[in-house]
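Each of the next two complexes has chain A plus one other chain: chain B in the first, chain C in the second.
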Partner chain A sequence: MNLLTSVTEIKQQIIEQFEKHADELYNGTGNRINRFRKQALDDFNRLGIPTAKNENYRYTPVDRFLQGSYDLDLKANPFRIEPEDVFKCNIPELDTDVLLFLNGFYYGSGRPLNVPDGVVICSLNEASERHPDIFQAHYSKYASTSEDGLVAMNTLFARDGIFIYLPDDAVLRRPLQIINLSHSFNNLRITRRNLVVAGKNTAASLVICDHTLCEQSYHINSLTEIVLDDHSHIDYTRIQNENNLSAQINNVFVNQQSGSLFNSHIITLHAGLSRNNFYVNLMAPFCESNLYGLFLCDRKQHVANYTLMNHDSPDCLSNQLFKGILDDEATGTFNGKIHVRKDAQKTRAYQRNNNILLSSASKMNSKPHLEIYADDVKCSHGATTGQLDNEALFYARTRGISEKEARHLLMYAFANEIVSEISVDILRERIIEMIDKRLRGELSRCNNCDIHCTS
Partner chain B sequence: MLEIKNLHVNIEGKEILKGIDLHVRAGEIHAIMGPNGSGKSTLASAIAGKDIVEITEGEINYMGENLKDMNPEDRARKGLFLGFQYPVEIPGVSLVNFMKTAINENRKFKGLEPISASEFLKMMNEKQELVGLHAKLTSRSVNEGFSGGEKKRNEIFQMAMLEPLLAILDETDSGLDIDAMKIVANGVNKLKRSYNATILITHYQRLLDYVIPDFVHVLYKGRIVRSGEKELAQELEEKGYEWIEEEV
Partner chain C sequence: MNASQDKLLAKVTQADYKYGFYTDIETDAFAKGLNEDVVRQISGKKNEPGFMLDFRLKAYSHWKTMKMPEWAHLTIPEIDYQDIIYYAAPLQKPTLGSLDEVDPELLRTFEKLGIPLEEQKLLSGVAVDAVMDSISVKTTFKETLAELGVIFCPMSEAIREYPDLAKKYIGSVVPYTDNFFAALNSAVFSDGSFCYIPKGVRCPMELSTYFRINMANTGQFERTLIIAEDDSYVSYLEGCTAPVRDNNQLHAAVVEIVVLDNAEVKYSTVQNWYPGDKNGKGGIYNFVTKRGLCKGDHSKISWNQVETGSAITWKYPSCILKGNHTTGEFYSVAITNNYQQADTGTKMIHIGKNSRSTIISKGISAGHGQNSFRSLVKVLKTADNVRNFTQCDSLLMGDQCGAHTFPYIEVENDSAVLEHEATTSRIGEDQIFYCNQRGIDTENAIGLIINGYAREVLNKLPMEFAVEAQKLLQISLEGSVG
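On to the complex of A and B.
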């Protein structure tokens, strides 16, 4: 007998939850966000929670992580926490501008942001009212609700998130650190909706840290639309460190114009379920897009990375490299696609997925995928899944290195290929330390991570 | 120092060594020669503690201890060193990091503090010079993209760094040109002390022109069929392994 609640029932619960809180949701949110809800509801009702029948979600058991009941937070600050007292980001060397989110709501920064004139960094809801033109031009334009029920669900519940606007030529000198915290007394459904609009010749580095501060189960639906105008450059580094009961669906839609550069690093240290979907559109020539991902999972965790790299225009370059280490009964999937359209000549597109299984019960499903309709391109894709190299372990041990240390050395080397690409030196070093701890089993839960969001 | 008595070894159920006796004292250099498939590398693996080696009979004693249940790292920490016939590539682990880890693991075993950065650097420079290992290789991943000669030199370099009491060099001379072999031989000679010993496993007599062994053993079909002094190697070179075959 199947004791799991079926996806149809989960869908029904979610729709009921929406209907119950619809008034509050509509009243608390700007019209430019609200006007997408109706379509989103229809689409969600039609699409529901993706199951194994959906080819893109075939090996990701989303429903398994959405069991039980979840509350919905419709107002910010239910706990009366003074952010500047409680959340002190303790990376003294990492000179960032810090923004806090609690359960999906914008808490801002404890101090004024040091950013150039014209740059807007604020709550999504606020932006929908105060910057209507920019907002309307981009919000929900890239994230179609008609294909993925979880995208529809995000648009349905969208309430708050971060809005970043960089006018032409604006350069953020310091990384912008966005800390997403989850903290509550009950299980919570959290929606985060973000919009990043980068004008011509702009540059910014975004560092996003996802943390759960307690042992409740969170169902986090995060969606980010990023628009890069000509010759803009966005670095997107995300560290996911959430408890084993939580599920995070992270959809990122990237639209790149001529000569723009997008770099992404997703480091999944902890999660019950973490599903990252990247949809990148290279809309004009000479774009570069680099997607890197590293995930370390054990117990019954599941980490999935999905990519769709759309080469719409000629002369673009893309790289994808995702690596995973799986232990115990952990499972993972990589499902990556490069799509090169007919006119996208001189495309260079590369994709690689390498995984290490540390236990016989861990499992990885990998599907590297190429679809090429142009004839003058350089493309490659490949995947490997194996174990730690026994010969290398023995070699190290004959030098007096203990088995444990030798295993660590090999895992660390494996992970380092991803981390070494992170351009902010201090951040890279801190992430290396965290990975080191994670691999040694010293980072057993999210709230003793090295970033010390809490004082 | 090393005493092997009636050693029988199976690999994947097949008997490879069929009763080996070998006695190595401090200050000695032993050469073990033999045709392909005679069990030379299996003997080296058995002493170093490779897990596929199954000892069915007999024993290996090192410094008065039976090695049977000792893991490879403890053997290494007690002064055993194996120079690999095919050194393993470790992508992503720089040679300098690998050696630092090895040195510190050995020091920890002896109850010593980790080596200081300056001391380590000095040691690296000294030993690189000794074996003619190009400094640029130490920042590269262990053995990755190294030429055949560089890999073998790297084995001698690691030996020099770890200063073992008993070094087993498994065909360190194979695939080397004459200049590279001289450097390897020179390294072995320079590291020789009254308190350490070396076992050279080799297919050819060539290396023994540069490193003079005290004893030569001929391994054939899993047994030591002849032992003698350095002249035995000469004789073997002249008459070939068929001669041994006929004698046996």
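On to the complex of A and C.
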């Protein structure tokens, strides 16, 4: 007997939930967000939850993680928890400006932010009212609802998130740390909608930490639109550390203008289902885009990384490197695509995916695609799936290192290629520490930050 | 790109199809269209036993429920399956004792192609099963092969003469439910080649079939079955050229290979069907299902292909590595020029322990051609110690063409080691300059570079094909540098 709720039923539940709460959503949100909902509803109704029949979601069983019923949190509740007490992830040495989100709602910083004049950092809903011009120019412009049901769903339920605007020449000296917390007494459907607009010659580093504070099941649909104007530079580092019941769909749409640089690091330590979709459009010449990803998963976790690197203009450079270590019954997917348009000559686009399987029940699916319509290009992709190198293990053991320690060393070295690319020193060290713990199995539960985030 | 290269490019890429001609032979053809009666009539024409008719009818009713696959990276104009003649056989005298009795018109056709039967028969030692419009007209060297117990005959004959083998193996590797084109083929296949290598026999000569599509509006539906018993070996050649035709022609073939313990089958193809003219008009639609089953332990299948023709190619010669210690190989060169489209590649399904596979694909894209490589390497839970190496390189010539790769890698066993690598580039100006510097003109330099690029695959072809394949590469591409 099949006990699973079908995707059609899940879709129906979601639509009913929207209709039930439509008034609250419309009333609680600005018109510039609301006006996209109708189209999004139509699109979601048409597209539904993606299944294995959708080529992009071929290996990701989204529906398996969306069983059961979910509540909807429609307004920011006063804190039931003191974030400073519970959450000590703001690494002591790491000098960051911290922004807190609970269940998708902006709770601000509590402290004044140390940012240059003209920089706007606030809640998305607030920005839609206070900065209508910037908002209107970019909101929902890059994330098309007509192709992916989950993007449509995000636009349908969009309520809050972060809005960052950097006027021309603004440089954030300190990383901006955005901490997404999920905490509730019931299963919850959480929608996060973010917009980052970087003007000319700007620079900022965003560090995003995703955490669940309790053992409820969360269906998190997060969508971020990032716009980089000429010669701007955005670092996007995301650390995903959520409980095994939660499903996170993280869509990132990046739109790059001439000479801009976008670096992204996705470190997935924990989650029931973690799906990261990157859509990067290189719209003007001399852009550079680097996507790095590392995932460590075990038990029945599923981690999927999907990328679409669109080379729309000549002379751009892109790099993709995704690595994964899978244990127990974990499944992983890498689905990367480089698309080089007809006139995008002198493109250099590289893609690599390396995976290590530690157990016989783990599975890895890899699909590195190239679609190339220009001739003067250098493109390559590579993918490997294998085990820890037996000879290296043997070598380590002849030097008196125990097998356990040697295995750990090799895994650590494997992961280090990704981590070493993180430019903020203290953050990098911190992540190395977390990975170290994760590999030793000490970071196995993530229901309470006190346990694992303070050393 | 400078002016002289431009001219060269134009000259080469716009050259007319060398093998274009039409043989005027009286043909026995059905009316256009497909229905159950047509399927029955085809079966009746062949005097097939009842199980074959059942198979065809089941396939036909299944086909009716299917839709054309749309996942390939191809733009396929709509095909009206009711506008195709499903059976056409050259009329000829009923019995043929020697070559003299073969229709002289037909023989001249082969001569134009540069493969005179007599010469082949006398000099090259290759047994030729010549297929012209769906039914085999002449099989040579049959006696020599018969002494060894090798059966090499037209499929229709095999179904009549060896019904046990046919019943056991037809549809065992490619069931009629497999895909749209396989279902269509299963319902209406007209003929093809059947090849049986008995236990312990190493086939002394390369078995070869030349396919010809001859009559306008004739879909050609071949079905080939190769069975290699324990400890046997055979190398099989398939090659094709087709005359210039304005109407698109459909070709949906099925090839099945079964390999038992310690046996090896090498299957080589040079495909040079009419690719359409330089404006993309006409040309063959080539939708082929090829699959081999390494059923026994230590068995091996090697697919080698050079794809230069056809307007649209949809073809994935695959290996199911079921036995332990089995080996699958796929070596391919695919060229698309003008408005040709190709979506080709392979599947390696690892089921047996210690199975190995190698995939080497070289795509060359010129003019407005779109060349896609698509592969699946799947390692099942049962398959311990699997080893796979995949390399797919693409070469682009000119800024109007495209090269795409769609590899799928699915691993369910932690002892597997898989590697995949791919590059896309064009012929470097520095490489050409280096050759020029040493007195090699640009045209020859490109020939040199292309041949070097494809060498890895060409080397795998049997001698007879390697020469033809090299010529084809040169004809197709020399001088077309971006």
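By definition in this document, the second predicted complex is superposed on the first by the 433 of 455 C-alpha atoms of A that agree within 3 Å, B and C clash if a C-alpha of one lies under 4 Å from a C-alpha of the other, contacts with A are read in each partner's own complex, and residues count from 1 in each chain.
As a convention for this text, a residue touches a chain if its C-beta (ideal position, glycine included) is under 8 Å from a C-beta of that chain, and two chains touch if they have at least 3 such contacts.
In this text, all values refer to a predicted model and were calculated from it rather than measured experimentally.
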First (chain B), second (chain C), both or neither touched by A:Q345: second
Chain B versus chain C as contact partner of A:S359, first or second or both or neither: second
Partner chain in contact with A:S402 - chain B first, chain C second, else both or neither: first
Touching partner for A:A392 - first (chain B), second (chain C), both, neither: first
Chain B versus chain C as contact partner of A:I372, first or second or both or neither: second
Which of chain B and chain C A:N416 touches, first, second, both or neither: first
Chain B versus chain C as contact partner of A:T51, first or second or both or neither: neither
Contacts of A:H381 with chain B and chain C, given as first, second, both or neither: second
Most chain A residues touched (candidates chain B, chain C): C
Residues on chain A lying within both footprints (that of chain B and that of chain C): none
Sites on chain C touched by chain A in the complex: 71, 73, 381, 394, 396-426, 482
Touch list for chain A against partner chain C, complex: 55, 59, 342-343, 345, 355, 357-387
Contact set on chain B toward chain A in their complex: 48-51, 71-73, 75-77, 80-82, 84, 87-93, 97-98, 101-102, 105-106, 109, 141, 158, 162
Contacting residues of chain A [partner chain B, same complex]: 389, 391-392, 394-403, 405-406, 409-410, 412-414, 416-417
